[in-house]
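First chain written, first letter: the chains are A, B, C and D, and each begins at residue 1.
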Amino acid sequence: MVICAVIGATGYAGAELARLLLGHPGVDRLILSSASSGGEAMSSVYPNLAGAFGKDPMRAILVDKSAAIAEAQVVFAALPAGHAEEIAALCSEKGSLFIDMSADFRFGADEATYSAWYGKKYARPELHAASVYGLPEFNRKKLSSLGPDAKGPRIIGNPGCYPTAATLGLFPAMKLGLAELEGIVIDAKSGTTGAGKEPTKATHYSECADSINPYKIGEHRHGPEISAVLSSMAGAPVGALFAPHLAPMGRGIVATIYVRLAKATDEAALREAYASFYASEPFVRVLGAGAYATNRNVRFSNFCDISVHVPAKGRTAVVVAAIDNMMKGSSGEAVQCMNIALGLDERAGISMLPPAV
Amino acid sequence: MVICAVIGATGYAGAELARLLLGHPGVDRLILSSASSGGEAMSSVYPNLAGAFGKDPMRAILVDKSAAIAEAQVVFAALPAGHAEEIAALCSEKGSLFIDMSADFRFGADEATYSAWYGKKYARPELHAASVYGLPEFNRKKLSSLGPDAKGPRIIGNPGCYPTAATLGLFPAMKLGLAELEGIVIDAKSGTTGAGKEPTKATHYSECADSINPYKIGEHRHGPEISAVLSSMAGAPVGALFAPHLAPMGRGIVATIYVRLAKATDEAALREAYASFYASEPFVRVLGAGAYATNRNVRFSNFCDISVHVPAKGRTAVVVAAIDNMMKGSSGEAVQCMNIALGLDERAGISMLPPAV
Amino acid sequence: MVICAVIGATGYAGAELARLLLGHPGVDRLILSSASSGGEAMSSVYPNLAGAFGKDPMRAILVDKSAAIAEAQVVFAALPAGHAEEIAALCSEKGSLFIDMSADFRFGADEATYSAWYGKKYARPELHAASVYGLPEFNRKKLSSLGPDAKGPRIIGNPGCYPTAATLGLFPAMKLGLAELEGIVIDAKSGTTGAGKEPTKATHYSECADSINPYKIGEHRHGPEISAVLSSMAGAPVGALFAPHLAPMGRGIVATIYVRLAKATDEAALREAYASFYASEPFVRVLGAGAYATNRNVRFSNFCDISVHVPAKGRTAVVVAAIDNMMKGSSGEAVQCMNIALGLDERAGISMLPPAV
Amino acid sequence: MVICAVIGATGYAGAELARLLLGHPGVDRLILSSASSGGEAMSSVYPNLAGAFGKDPMRAILVDKSAAIAEAQVVFAALPAGHAEEIAALCSEKGSLFIDMSADFRFGADEATYSAWYGKKYARPELHAASVYGLPEFNRKKLSSLGPDAKGPRIIGNPGCYPTAATLGLFPAMKLGLAELEGIVIDAKSGTTGAGKEPTKATHYSECADSINPYKIGEHRHGPEISAVLSSMAGAPVGALFAPHLAPMGRGIVATIYVRLAKATDEAALREAYASFYASEPFVRVLGAGAYATNRNVRFSNFCDISVHVPAKGRTAVVVAAIDNMMKGSSGEAVQCMNIALGLDERAGISMLPPAV
């Protein structure tokens, strides 16, 4: 049983982490922290959580960051980019596990790419070099080495929502050499929760409802993250064009991925390769012939559904990967990482089935 | 052919006025004004209107208020409450027609109610006393006296969106003495466009989609406006409880109104009374037996659909009134008022039929 | 640990029951039955449940009704009205607990009302007389008498979705004599999942999106159910007008209830009366001053949120009750009833917290 | 002034044609026909059109096909594939203009492709050979030769909704030789109205809301239509992969098109080439730098918005084309074709500006 803290608990990712950890059988106590709402009760900011904290006032009141870090064995930070390094350093000193939801620890030793896209520098490059990119299907072994007995920093950079969908959709193709590494197109559609809690024109109901809005095509920060992870998977540089679209829905990402096959492969064989590759994964479901992945079937769950298509027996394969961006694309994945690092059942706290409707 | 100006053209009501007046056969020229975006092209703020202004740069560039007032024969103001009096005074001096979309001229001589709810005082009470509440079905005669030859101020206070639906739904009952004047309940559901252009938590897609949100029950500013108009209609004080709800849709208001019948009346007779009452109205449609009014059937049009129900042959009647809040509930109604005041075809520029889907 | 069966597992209520029971810690085995899809795998009908059944083929394949009844200790029927009596009889012979999701066992001994609205007669009136209406907050004691050792039939008629929201919103007022029993208005807004799985014009996306649709005002079958339950609560006949509306959202019911206070009561006192009344209920949350109940805050949970308002210090109170119609309004409530009847933790399997977004 | 008829007036495309033609200044009289609802009033099937037909009962009642064809000078058919040839033959004998909304006349002399995808044969191949594909920007000259004095059949095959967006998005690139002709990917997102009036599981609100659903990737009937038109535009065979997605919105198509540039071209130059190409088109708007095309800005209008992007100064261009599928993608385009054929103002009846919200 562990004590967990969420720093930045009043953003959407933080609130979702709170919801999940409150229902996690291995969490003894949950400390929530917020700079903007310190001293308030979490349930006054998030009335959906009213009553969830029982009689324990410690669980209900938003404390400050240092108090949270001092007590917790596992610290999650759900803050904008640029705030994680300092927390990571404190956790490392203390020996606690740190899971960062921002981009700060997603680029490992590659400071150049991080700086180019996020405009910040590394103050403690050794922490980045030691950190693990928290995509369980790709890095389960490294994640499992971050237990309480680990030597050195225990830092996980939780993946971006789009990168989770895109790289899970391509992992078998990259790893097994099934696809060409250039000319990949990732056309992704996301719900509005991915844009966070701050009201903006782009997410104003009157303007985004009933509308599909492409944005930042080739210019989104998740593009270089995707390319970096795919290159790691393939062991060679991968060129992918990332085109995000805002869709009128709350949760969900559907990534439709177009990739040239390395050699002629029929659809059934490609699907079988994917299914075998992911056969033992608890949260990846490769769909059967005729089915298409959709966020509808994974909402409010930690599943990633993948469907594989090779139209007209051609050389272009289409892979559709669907996740709930708040779960597998964010907070659910972070809990999965914690479970692996702590040696818990990987599905603890995130085993909920998606509702049909 | 007239020259029109819209002051506050970059809010939703202003932009909708621009759209309507650009397509109005009696409008010779349209001047758009904005304090926040002065000097910009309207189509850079509202790309939906790209190309609508042809080659005339005067039509495309947002000018300042004084330039607009100086040239226009009809001035619409789509500003927050508190700014209309000054414009009304300038228009009155010039003899031009002024149509205000805010609440400033909705209360006539009743400064007390206006002050109580809007926190402002009248500087020029005589302008208010001379103004006409722009509900055409109720005040057509007064509106038609505001033509170019009118003596005195030519000022129209355009009704609120909720009051338009609620008072049209009750006008026959009030006027014909069919209902009791106490205990009326108006349960209204509105789309998000009624809340305007400013992004807020309440209209953030992630929070208002998939959700019905009651708000300000008995405390909404449109409550006293509704009661005042109903009292005018009935010729006696009317007590109505107004309960608004935000619904996950863009446009539309559906007001479900519960009222005690003054005497036992069967549904068919009540419906017939309504149908006769509104028989010559171009924009009010009283539905037949078995049909329910819904905003679906009036979207993007100036119609108000009304259905009348007397469940279980009882003493409580239910009237449903549905409008498009941006059209009949705001900009469409303002154009209707202008048409009447100028002696144009009442349907000019606002005769579009609602789409089925 | 019990063996449960769901008959009619491929409708929405049945599929939601399956989802809940698959995650229920006290359910040893789940048998799913479907007449229309017998022999198929549940996950081929509901791909959201893919992988949920592990390696046990018995859990995955939809069997016929008799096999399900033969094995199960608890039988849920999620069928249209008219099929429950026969199943109830079989369960009674066998001594198993039967929970019916249809209206068949909601009217107890009152065959007349049931027949008037559902067009069917009782073949086994003694089963109806013995059945319990499954509103836990109202009938917890009776429900808890339906354990394995109970003498006589163990039959629960699970409430309708609208009646759950409406009667929970009025229970304290009725029980404590706070309200007049005549002239109650219940204006309810429901999402589309309440209309079930069958595609219809009313629930066709192109027609119901972006639209509020009142229907069957004063003529809905849930009206007499509501009146009957309220009358039981009050111990005297209650007259309520029930006006349902279809809203463009998936899950959720928001019932806005207008009721005359029996005597002048201020808002704080009324709220306190409600809060005290429900203080020990695990699934009812009475909101504080200034907050409004909304389905947003209870989605995908078994909570019923209630807010209490007395506008303008008047004699009309407004109570807003919000539920997730698939959970507290249907399958979640059925599991709650089972938990009570079997002496389990009342929250087992239905303790999930609602997500913020 | 002409007499128009719509056969199949009670489907969505037919009802939209009725709405447009009722507001068309050059239409003297409109005859509506329906096999399924013959003898009923149009406004009883489509209550949004109540009151639109004035006092003329002939306009309100749905007549049979032969009566419509006998009187009309312009006949629109909005029927499923397979019914147009017979009507085309009757119109040709009579010399009237025939505009078909189905796929029957979209393939010209290419019976093989039509048969392969629609499973029907040509009975009158000479009618197909004489027909014109109704994409005004591509075939304006041919369309304008179909006036009343034309010799031979006057038949227009109105394009599919997806093909309109996809081919307008690629026309400049194909015509000017800017792009490679192989490896084109068209990732298209459509609202539900494109799926028509018949309620289905795919368009059931409870299942398609809050969800993006890819379908028929590489297998949709609009794929071969797109390839055929692109090949005509390019004057050489074009290979395009068409991947449609159902999005939770009523109207609109957004096609995101990925194409290899024939030679290195910077974004500004490509945009300028597009802008020049379409400079005199009344309904195509090429957006400026930084803007993305979205259906939001063209809803309820006949515009096609196009934005052009060349990410990272690379060799892959992304073109986004957005239309309202009911207008430019269907009924609006058909009216545009009629206007051209009859020598009317091309914008008559379809000049409405899109609303901002």
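To be clear about the criterion, a contact is a pair of C-beta atoms (placed from the backbone, for glycine too) under 8 Å apart; a residue touches a chain by one contact, two chains touch by 3 or more.
Small disclaimer: the values here were computed from a predicted structure and weren't measured.
> Treat each pair of touching chains as one step and give the shortest count from chain B to chain C.
Tracing touching chains, the least step count from chain B to chain C comes to 1.
> Pick the pair with more C-beta contacts: A-D or B-D?
Of A-D and B-D, it is A-D that has more C-beta pairs in contact.
> Please indicate which chain is farthest from chain B, where distance is taken between mean Cα coordinates of the chains.
Measuring from the centre of chain B, the most distant chain centre belongs to A.
> How far is the middle of chain A from the middle of chain B, if each middle is the mean of its Cα atoms, in Å?
Spacing between the chain centres: roughly 47 Å.
> Can you give the whole-Å distance between the Cα centres of chain A and chain D?
Centres of chain A and chain D (C-alpha means) sit 40 Å apart.
> How many angstrom lie between the centres of chain B and chain D, each centre taken as the mean Cα position?
Inter-chain centre distance comes to 36 Å.
> Scan chain C for residues touching two or more other chains and write them down.
Residues 12, 191, 193, 206, 208-210, 248-251, 296, 299, 357.
> Using the definition of touching given at the top, classify the network of chains in this structure as line, ring, star, complete or other.
Complete.
> Applying the document's contact rule, which stretches of chain B touch chain D when the two form their complex?
Residues of chain B touching chain D: 12, 15-16, 19, 22-23, 46-52, 193, 209-210, 250-251, 285, 287, 291, 296-301, 303, 305, 326, 351-357.
> Would you pull the chain A residues touching chain B in the complex into a rising list?
Residues 12, 191-193, 195, 197, 199-201, 203-206, 208-210, 248-250.
> Using the touch definition from the top, list the residues of chain A that touch chain D in their complex.
That would be residues 183, 185, 187, 189, 191, 206-215, 217-219, 241, 243, 245, 247-252, 254, 256, 258, 292-296, 299, 307, 309, 311-312, 314, 316, 318, 320, 322, 357 of chain A.
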